[in-house]
Every structure is written in C-alpha cells, then in structure tokens.
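Okay, so chain A shows up in both of these, paired with chain B first and chain C after.
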Partner chain A sequence: MGNILNRKDIVHIAKLAELEYSDVEIEKITSQLDKIISHIAKIAEADTTDVLSTSRVLELSNVFRQDKARESLSREESLKNAPLEDSGGFKVPKID
Partner chain B sequence: MENKTADLNNKYETVIGLETHVELSTETKMFCGCKLSFGEKPNTYTCPVCLGHPGSLPVVNKKAIESAVKIALALNCSISEHSIFHRKNYFYPDMPKNYQISQYDLPVGVGGYIDINMGNYVRKVKITRVHVEEDTGKLIHIGSTGRISEADYSIVDFNRAGTPLIEIVTDPDIKSPEEAKQYMITLRNTLLMLNVSDCSMEEGSIRSDANVSVKLTTTDKLGTRTEIKNLNSFKFLQKGLEYEVERQIDVLESGREVLQQTRHYDNKTQTTKVLRQKEEAHDYRYFPDPDLVPMKILPDWINEIKSALPELPGAREKRYKNSLGLSDYDSAFMANDFEISSYFEETLKHHNNAKSVCNWIMGDFSAFINKNQVTLKESKISPENLADLVKMIDRQEINSKIAKSVFEEMYDSGESPQEIILKKGLKQISDTGELEAIINEVILKNPDAVSQYKSGKVKAIGFLVGRIMAKTQGKANPQIVNEIIVKKLS
Partner chain C sequence: MDLINLSAHELNGFIKSKEVSVLDIAQDYAQRIESVDEKINAFITFDKNVFFSKAKEIDAYIRSGNEIFDFTGIPVAIKDNICTKGVRTTCASRILSSYISVYDATVIKKLNAQHFLMVGKANMDEFAMGSSNENSSFGAVRNPWNLDYVPGGSSGGPAASVAASEVPCSLGSDTGGSIRQPASLCGVVGMKPTYGRVSRYGLIAFASSLDQIGPFTRDIKDCAALLEAISGYDEFDSTSINTNVPRYKSFLNSDIKGMKVGIPKELMVKEIDLQVKESVENVLKMLEKSGAIVEEISLPSLEYALSVYYIIAPSEASSNLSRYDGVRYGYRNMDARTLREMYKKTRAEGFGPEVKRRIMIGTYCLSAGYYDAYYDKAQKVRTLIINDFKNAFSTYDVLISPTSPTTAFKIGDKVDDPLRMYLSDICTIPVNLAGIPAISLPAGISKTGLPIGVQVIGDLLREDNVLKIASAIESDVKWKIKPQI
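Entry: the complex of A and B
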C-alpha cells in the first residue's frame, strides 16, 4: 500500500489550492492522503473494458431552459454579500 | 537588408494556431435567465446563479447549444452525440465561483475545417474543436494607470459573467500572419451569416488569441510557442503576429531559446511584451460539472438545425459563379464579406441584373465609400434605390453619364433616383414627337454634315447625334435618336 502520492504532489496541489502548510504538515498530509488514495485505488482493479465512463448516476440528459429573460437582482441585492464594494462593483484586493 | 530578411524567411517557417472566442447574441446568459447587456451600470444584470451563490443551480440555455451546433456544422465539424460540461478551476476574481463552466474532452463539435481564400491559393485550416463555455466578469483596475500591475485594488462587474461563449480552436495550420488575418475575416463572415453573434470587434464579442512558433524549414519538429493576447482587430492580429514571428527569429538567430510565454500585444508600440511565463498554476484540474446533466445531441436534432442553416460564403460564391454568371473575382468579392453580400442580395431582390448591380457595388459605390471611409450599410443609398437606378439604366430611361451624376446625388442626399431625376429634369427623352422636333432643327442647322452623310460618310451621323445630345443635356435616348435620323436622311 502507498506511494501513489509523494511530497512533490502535495506541494503542487497545495499551491493550486492556494493553501500554505509547514514542512511537518506536508509530511503528515502526504502520508495520510497517500493512504486514502491508495485505498481508493483499489477501484482501478475493476474490469471496465466495455463500460462507458460515467460522471453522473442520474439517468437524465438534455435538461434545458428556453432563452427567455427574467428579472435580475437589483444592484443593491447583488452587492449585499460583497465583503467590500466600490463604485457599484465587488472590490477585490490587488491581483498579483 | 531585404536579402537577409528573405533568406531568414526561407530558413524558417511560421506555425500559427488561433483560439477564437465568440459571444453569442442570445437574449439570456448561458446558465441563467439574466439578460445579456453591454455598457450598462456594473452588476445590474446578475442573479444567484451567475454570482455563484451556494445552492444555486445552472440550467443550460437551449438556444446557445443550437448556436454552437450551427457553428460546428458550418465549420464542417462532427457533432458529439454525447457532450458534457466541465469545471475549469482557477483563482482569479473574474469569476465568482473560482471556476468557469467550460467543456473539456467532450465538446459539441470536433474535427472540422474551413477554407481560406488567399486570392492565389486556398488554405485549408483544420478546426480542432468548437466548445461552449461561459464568459467571465469584467475587472476594472483602480490605480494611477488602470493597469493591473500598478493597481491598488480592482473592482468586479459581473454583468458579462455567464454570457454564452463559443471557443473555436484551429490546428496549427496557419502559415503566416496574413493567413491568420484572412482566417479571422472568413470566420467572422461565416458567423455573421449564421446570425449567432454580432461579432463586434470593438465590443469584444469576437476575440482571438494566437499560438505562434517558428521552426526551421528543414525539420518537422515544432518550435517553442508563445501565446499572444489582445489581438483585437484584424490589423492588430496581423501586425502583432508579424512582430512576434520576427522577434522569435531574432531570438533563434542570436543563439538563444524562445521561452514558452504568454505575451500581450501593445498596439501603440506594435510590439509584444511578456505577460507571464508558463508556470505550474496552468493546471486547471478539469472535472465534470456535477450540477449539469449530459447533453445528447442526436441526429434528429442535428438535422433540424442543419436544415435551417443559411447559405454560407463558400456555397454563395459558387452560386454567384455558376448561376449568376459572375467572374471568379466578382463572385468572391460579393460572397465573402457579410455586409457586401447582404447588400448585394437585398439589391437583387428588387432588380435581378446581377452583373450590373455587382459592377455598381464594386465600381462607383466602393470608390465612394472608400473615399469617405464608411461602410455600405452606413451609406445613404438603400439597396432598393440602387436597384431602381440600375433598373432605369437597363430600361434605357437614363444613359450611363446621367446615371453617374444621379448616383452622386443619391450618395449625398439619400434620395431615390426617381426623385432626383424628376427634381433635376434628367429624365431621358424617348418621346419621338419631342425628339423629332429637335432633330429637324439640328438637320436644318447643319447642312454640311447632312450632305456628307448623304454622300456616303456614315460617320457624319455621330456629329449630328452629338449636337442633339448637347441640345438635350444628354437626356435624349441615343438609340431612338439614331433611328429617327437614319430614317429622316434616307
């Protein structure tokens, strides 16, 4: 068991998720996540030769709406949950 | 210097692939019923779905999918029977959800092509994919310059967020900046014919990014490519690519390596600058969007859409050549520009003389609008009025000289040719009684010419006709005048 994920993978994933961890934490997460993933990896042993890849379990398809407009929220309502606002817009910190 | 450039152009080959985004002109957004808007007050066309509020669910706009299928069919793609949406994950405040709903491995259309007429050759550009996604919101950077790098903070307007967007990706088949420009022109005209987008370059409803690299002619191995952004006009697309090709050749010639970068075209300096280096963050972790169910685009639906497709530029060009008898050049000119072609078609509805109408549009009309830097549509001459003018010439109600002055007047005032002719008394005189009186007078006053004619100098008749035309300010119907004189003098 194990050795699907290494330290490098975890650092990469953390960076993509904009999460910061100490070295000790990385160590711990690597070992824990590797165990979880290795456990799930068992599923790869199933024979899926003639099985269509499935991303949903519902037997639904083609759920559409007609191209008809309805009222939008007022600007006040739109901005209600904005942590900060400026000039009718959502104010966000400087983008690096 | 010129020789050196030519040598380098033979040494290297340019390889370009384009990624074009087209905003659809549906009434509503891709996944919610908010109206599409442009230039409205920020955040006045939003709702919990396009603001990404927890618990809200997207539902696909059927018309947007139909438009995507239309585009894919027009670009000769196969339509995926099974198509799904993915989430493209990234951290950037232009989308409230931290992901954009897009398509990944099962886009609506794959494997098409479009023929680009380069005048003396045709370039077949393969279309990799046509997929559906949602547009992002707009960021306004607040700071001394408005540029992102010098901003103190930014504000986000989500009015545009969720606008249906079609991405059209080509294979790296384009071999020069000029071909890239022609591809864009052809693609835009095709989309305009399909009536799926207003394709306004100024408003950014059609915009292209380019992947460009150069490689040694002697190898098949592609060079390292850069991605160029902000190529938002036909001219900038060509200029930006020309600069970038030259820059890459310079880099290679000086023994350095081209770095994989995203570069921004600055139309003021006509150069490209590094926006960002390729980095590991370019990992979007696509996964199927669990909020949206798959689409089944089955043959019945495809056929229904196919049967409603309008005539496309390629087919139109062929029809002009084969059925209307226009020359190769004229057919291409009339078919391949949406605006010109629509104008031509509209004019033909009122008067079906394709050749003459085409000559007027390509001749005098083009000269006038080029001089005044307007488009056919912006000019004051309606297709109906142009048709009437050509009709009057064909019926010999006015001669070509008068037609030209009527045309000028039409161009300036927007009046109909009938009105102008009536107002200025330019109507051709075809009334034999009226003409006979004038002809009698001219015959009497020019006995020399008359006797010359009678003694066998047939050309002398030209002099007499000239006198008659002068007397009528060119309004006499020359054919009738000729008939009457010949009769009278024989």
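Entry: the complex of A and C
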C-alpha cells in the first residue's frame, strides 16, 4: 500500500491525541493507518471546484435561547463520578 | 400466552384490556433474558429487581385509572450510549465502565412520560465504533440466528435483543449504519430518522453531525409508534428540528400506486452476495406489482462516500473524545505523577484499539498541513453527495438498496482488517452524510439461515414515504420466522 505514513508520523499523531503506543503496537498501527489513509486519500480525485463545504446538513443558523438561569447539576452530582476529589473540586496530579 | 413473541402494539392491547399486567410481561421477559442472554450477551446492565419494581410501579399507575399510552408498560432495551439517570452508562468502554449517568437523555424523558418499562442497557461496539459488535469491552454480542456469527454493529445488543425475543423493541444510535446494518443482520426492523428529528441530548457523542437515535422493532407498526414517541424539538439540542411530529402510524398500509422508487446503481455494489441481490430484486418486483414505478438511477458522488465518512466521523470523534482525560469522570490511571502522563496513560489504557485508531485518523485529518487535503475536502465532497440525493428526490419518493452487501459474517473474520470491516457499511453511510431518513427491514433469508435486509431511503423529513413503502414490503415478505437459540 501507499506508504503515506511512517513510524515517526504515528508517534507525532499519538502525541497530539494524548495517546501512547508500545513499540510492538506501533508496528501494527502504522501499517493499519497507512492502509486506511491511502484508501481515503482517493477523495483527492473528486472535482470540488466552486463547491462549498458542508458542516451541518440542516439549514439552521444561530439558535439562541433566553439567557436565564435555571436549575442545573449540583456540585455533589457533578463530582459523583470523579476519580479523585478534594474540597469540592476535581483533584489531579501536578501540572507539568 | 406467549408474551415474549408479541409486538409492542399487541402487548399494548392486552395491557389495555387488563388481560395481562405489566408484571406478567416483566416476568416472562426476565425469564427469557436469563435463559438466553448468557449465549447472546446483548445486555451490559440488567437488574431484575429494578425491572420488577418498575413493572409494579407501572401496574399501580394503570390501576389508578391513568392513561395508557403506546409504550406504557412496554419493555424497551436502551443502547448503552444513551444516558439513564442513576443507571450505569458505559459506551461498552473501559474508560466509562463505572460511569453512572447524572441525568436522563431526552428520549428517556419522553418514554418515561409514557411510563415505559426500561429493561436494561444494551451492548454495543465501544463508543459506537464498529460494524460487528466485537469492539466491546464487555465481550462480543452473538447473532441469535447463528451464535458463531456477528449481529452487526454498532447497535449489536439492541438488534440481537429484539431478534432473540428478549425485548419487543429497543433504542439504538446510527452514525454510519449502526442501527440499519445490525437490524439487517439480525432480521428485525431498524430506522435512522432524519438528522434533528430526534433529540441527541444525552446521547454520548461520537460524530455530532451524523449521530441520530432510532428504534429497533419486530414490525413497521411498532417502528412508527416508537419513532413518534421519541421525535420532536428539544431546547437542549440546538440541532433538533422545530416542526410538528406527524402521526407516523397513519402512513401504514397506504396505497403505493404511482410512487416513484429509484435504485441507485452505486449501492448495488460489486461485492454484493448473490442471495442479497435476489432478495432485493424480489422486493422491487413486488413493489412494481403494487403499482410503484421502479427505475435504476445513478448518484455518481456516492463512490466517495466511504472516504468522506472515514474522514469526517473520526475527525469529529477525535474532538468529542478529548473529554475523556481521567479528570471529571470514568477510568483514571492512578500511578501517573504528572497531569500529561495521567492523560496519556488513562486514554491508552481506557480506550480499546478501534477507538484509538479512529482518534488517530481524526487527529491526523485535522492536523496542521493536512486539514485542507482531508477534512475540508471531505466536507466539500459531502456537499456533492447531498446534491446527488437532492437531485434524486426531485424525481423519486424513495430510494431502495440492500442494507448490507452481505449477510452476517463469522466472529473474528474481519477483526484484523479494519478497512474490510469499514466496507460493510458501504450502503448505509451515504444516508448519514446527507442527514436523510432510512429504514432496514427483513427481505428474506439466505440458504444458510441468515437474515437479509432491504434499505428504504427517503428525503429530509419524509419518514412518511419511507414508512409507506416499508409497510408495503412488510406485508408482502410476511416475515414470521424466528431464530432457534
């Protein structure tokens, strides 16, 4: 297949995505992603001169609502699923 | 009475006439789940005590003389990416394996208003990414028609639970075919409504411009009723459509004489099984006999649909799934000593291989230097696909194709070849890109005893036409056979 992506690219993309792969996994994912990206790169052939992008299929614009306070989740409910909490907040390791 | 083989509307009749109580129904379905789900694995969460106490509550509501709606006391399984307050919602992922929803999705609120009977949370491909339900951290779901085969995906649990008579109906979600493809492979009815017809509030996001919740049922009448029950504008989903919900049940058994049916030749793909092709052709012959006008047409841009989908869906997913960082909810690697290390390890350990692959594809397509060539280009080709459909619907009322080019495949067959797996959604993906509604319903059975599905596609908000044609197909196919488990 294409050889669009190599090991170095995969390490870079993983870093952007906050993911990590072991050395063994990198082999496999490099060849899988290369195959997939080579396949989807086919869209370069489509003629899109003067064609606008679609990000939403419905013709909606600026959906607003009243800026009115209403009941929401309590602090207790918001923290219910937290892996670690402290003094009413989410506790995380030190920021590097 | 054989309650587990009745449709929701038949059960509704018996509830109204007081011939059965909701607890009777709950007991029979619980017994069925306990006897077959060990083999099928359609449920991630099923709590019999909660199920029975809810059934008793609904019986009390009925005894007090309150209104009995279409889904009052009807058991419904819910795909495990739909939030259900106080109940675990896992997305079949390790990263959410202990997550308890703190609010109800809008579809759950709507069904609760009818006093429905939630059965439990149904298995799926992790974060709805997959076509075989093998990507679940709670184990693969098996096809009730043959336990060595996949049920399809990503809504494999919702589809298999209906096929195996564990529930009369269920809710799934469809981003690229995740309702229709498993419906086809399991021999049940499954529908993806128009994008925005059903609120996505409380549906855990995969690809926000494509995701839509929809029903799985045994017949078209239940499908129309369940669609009606969950549809409508919701101020919590700014992409939901603010128009009245039609009485979908009123479109069944209509005269289809003169209706125009287009057959996109691009969806009669070359990889199609001969038996699938024959079943679809039989459906078309039958529609012609009933007075419909059937013609082959071409939508040339569909050639690019799979590429467009596998750029747009992973791109949106890579953004949506960035919220799983181990800070506020879900799994966290507790050994990490810094924040970045915690993010990386949490995500590397919490997500399964397919989810990580899609995040990687999306991150690549959105990254500096590649955005224009992939993401923006895909959005432009998406416009071409939408234009092709618009063009087709200026002449035709519905389009028809196979739902899946093949019947169910064997468990393990495609797990090592993601690209081959992606190709199994080739007939369903274009529909999501255009935001239009489509249904899959049984069209026949293969010589090896596996169901074959046919897909009926309509224009934006024209669920009425889809249901008219589907109802005509259903009355001709007369699908009555059930899997032996």
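General remarks:
Everything that follows uses one rule, which is that the second predicted complex is superposed on the first by the 95 of 96 C-alpha atoms of A that agree within 3 Å, B and C clash if a C-alpha of one lies under 4 Å from a C-alpha of the other, contacts with A are read in each partner's own complex, and residues count from 1 in each chain.
The rule we apply is simple: a residue touches a chain if its C-beta (ideal position, glycine included) is under 8 Å from a C-beta of that chain, and two chains touch if they have at least 3 such contacts.
Please read these numbers as outputs of a predicted model, since none were measured by experiment.
Of the two partners chain B and chain C, it is C that touches the larger number of chain A residues. Using the contact criterion defined above for the overlaid structures, shared-chain residue A:R65 touches chain B and also reaches chain C. Contacts of A:G89 after superposition: chain B is touched, whereas chain C is not reached. In the superposition on chain A, A:N81 makes contact with both chain B and chain C. In the superposition on chain A, contact is made by A:L73 with both chain B and chain C. Shared contact residues on chain A (touching chain B in one structure, chain C in the other): 16, 18, 55-56, 58, 60, 63, 65, 73, 78, 81, 90, 92-95. Contact residues of chain A toward chain C in the complex are 5, 9-10, 13-14, 16-21, 29, 32-33, 35-37, 39-44, 46, 48, 51-58, 60, 63, 65, 73, 77-78, 80-84, 90, 92-96. Note for the complex: chain C touches chain A at residues 98-100, 102-103, 195-196, 209, 235, 238-239, 241, 301, 304, 306-308, 310-311, 318, 322, 325-332, 334, 336-345, 347-348, 351, 356-357, 359-361, 363-364, 367, 373-374, 376-384, 386, 418-419, 422, 433-435, 460. Contacts from chain B toward chain A in the complex involve residues 26-28, 33-35, 41-48, 51, 53, 59-65, 84, 89, 91-93, 96, 139-142, 148, 151-158, 280-281, 283, 285, 288, 290, 292-296.
Those residues of chain A that touch chain B in the complex are listed here as 12, 15-16, 18, 55-56, 58, 60-70, 72-75, 78-79, 81, 85-95.
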